[in-house]
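Structures given as structure tokens follow.
The following pair of complexes shares a single chain, subunit A, combined with subunit B in the former and subunit C in the latter.
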Partner chain A sequence: MSKTLNILLMDPPYESSNTATAFRIMESAINKGHNITVFAYEGATSLTLKHQKGHPNPVKDTTAAEEKHPLTKDFVTGLFGLAREKGTSFRWVNCGFCVDERGVGEWDEGPERGGPPQFAEMYKNADQTLIIPTSR
Partner chain B sequence: MSKYLFIETRDPFERQDTVKLYGLINELSTKGHDVALFLTQNGVLATRKEAKVPLLPVILKEKNVAVYADDYSLEERGISTSDLVENIQVSGADTLVDLTMETGRKPVWY
Partner chain C sequence: MSKVLNIIDTAYRAHLEEQDDTSMWLIHAINNAGVENQSILLTGNAVNYAVKTQKPKALNFGSGKIPYPNKLHEDLQAMSKKGIKLFFLAGDVKDRGISQGDLIGEVEGIDRSSLADFVDDFDHIWRW
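Up next is the complex of A and B:
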């Protein structure tokens, strides 16, 4: 049976394994037909920044193309695509204040700007909410 | 009785809080609650036979506690299933989602 999972993320990109685990949970849930809402708070608002780009690795003497550096914005875009393919709903809301503080307000199509009222609404409408705090 | 899901991401040798969580699980189990412990990221380091982690052997014997180890995290750390203590269930994100979405189960991330 399709349910709605609401996730609150706080970790910034490239710092904690929490981010990869959260993406794995979202992918699995979508594949199972569940709907997902995500509230990105604090550093997690940088996950969708469109200016992220891969880089070469001078230690291994590889180019950016050879490195295929995984970018969190691409994971999020991929999750939107997977949800469309599976016919489920995927909603990603970035905390507006957190976005402004960090100057990370430019993102690809999909994410939206919101705040605590949107999180409260998502919490109320979800079957389950998973809070993923920053790694300590 | 309540149903809990604890998701433990931390290495017990780095964070003593992890052992406190095992103690909490032991107390909840003793009081008859249904507890699932999902070990992921560095949390899986506790599952090795060679790791002497206080209280984990106790909760592994509790009939109303299920302990899972994330296959992805085990593989990343080079831990094979033959390295694990008994009663650990190797699983993945699909199991974690099923537990999280189970009606009435309360998920708590550490």
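Up next is the complex of A and C:
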């Protein structure tokens, strides 16, 4: 029987292994047929920013095309696609206050804008909520 | 309704530029949105949030301003009035040379020896 896991993320992209760990948890849960809701809070609202782009790596002497630098917005898009494929639900809500103070309000199709009422609703509708905060 | 324990251990996270502690802000906001039965346990350096003599001053960085730095003990008292229960880890207060008399009256101490039983009373544990 599928369950719903609600996750609050706080870390910005490329700052902490919390981000990759959270995406691993989401992917694993979706693959097992569970539903996921995500509330991106504070710096995590930059995870879906549309204007992310890869870059060359001068240390490895690779071009941008060779480097294929991972982009967190693509991870989120990938999880939306995986959920569709598996027939589960995946919802991503960016905290609107956090978006505005960072100017990161442009994202590709999928994520939506919300706030504490949406997080409250997601908590109430979930079987469990996992908080993954910025720890320092 | 399920009982939520928010354990706040990371202290002073962006609280100046936000003029709020970001975890306490969200706890308060979702309480207003209907998530009741919440409690807060202050641990580590966050026990200092309950010290009642905090007097943060406004900051200016050239023309950039932080006009209303938050008074964390007052934020806790405001949450207490909304029904959010407040606790602190007694050993963490003692380790920092803070006496219970330095704290606001709304917080209750929990001994580390009884922490497991205390936590077991909640349905959800959110560690911030």
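Basically, the second predicted complex is superposed on the first by the 136 of 136 C-alpha atoms of A that agree within 3 Å, B and C clash if a C-alpha of one lies under 4 Å from a C-alpha of the other, contacts with A are read in each partner's own complex, and residues count from 1 in each chain.
By definition in this document, a contact is a pair of C-beta atoms (placed from the backbone, for glycine too) under 8 Å apart; a residue touches a chain by one contact, two chains touch by 3 or more.
None of the values given here were measured: they were computed from a predicted structure.
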| item | value |
| --- | --- |
| Superposed partners subunit B and subunit C on subunit A - clash or fit | fit |
| Which of subunit B and subunit C A:Tyr41 touches, first, second, both or neither | second |
| Which superposed partner A:Arg91 touches (first subunit B, second subunit C, both, neither) | neither |
| Contacts of A:Ala120 with subunit B and subunit C, given as first, second, both or neither | second |
| Which superposed partner A:Gln128 touches (first subunit B, second subunit C, both, neither) | both |
| Subunit B versus subunit C as contact partner of A:Ala29, first or second or both or neither | first |
| Contacts of A:Lys73 with subunit B and subunit C, given as first, second, both or neither | neither |
| Once both complexes are placed on the shared chain, angle at subunit A toward subunit B and subunit C, C-alpha, multiple of 10 degrees | 60 |
| Closest Cα approach, subunit C to subunit B, once both complexes are overlaid on chain A (Å) | 5 |
| Doubly contacted subunit A residues - partners subunit C and subunit B | 128, 131, 133, 135 |
| In the complex with subunit B, residue positions of subunit A that touch it | 3, 5, 17-18, 21, 24-25, 27-29, 31-32, 34, 127-128, 130-133, 135 |
| Subunit B - residues contacting subunit A, complex | 9, 40-42, 70, 72, 92-94, 96-98, 100-101, 103, 107, 109 |
| Complex contacts: residues of subunit A adjacent to subunit C | 8, 10, 41-42, 115-117, 119-121, 123-124, 128-129, 131, 133-136 |
| In the complex with subunit A, residue positions of subunit C that touch it | 10, 13-14, 22-23, 26, 29-30, 32-35, 124, 126-128 |
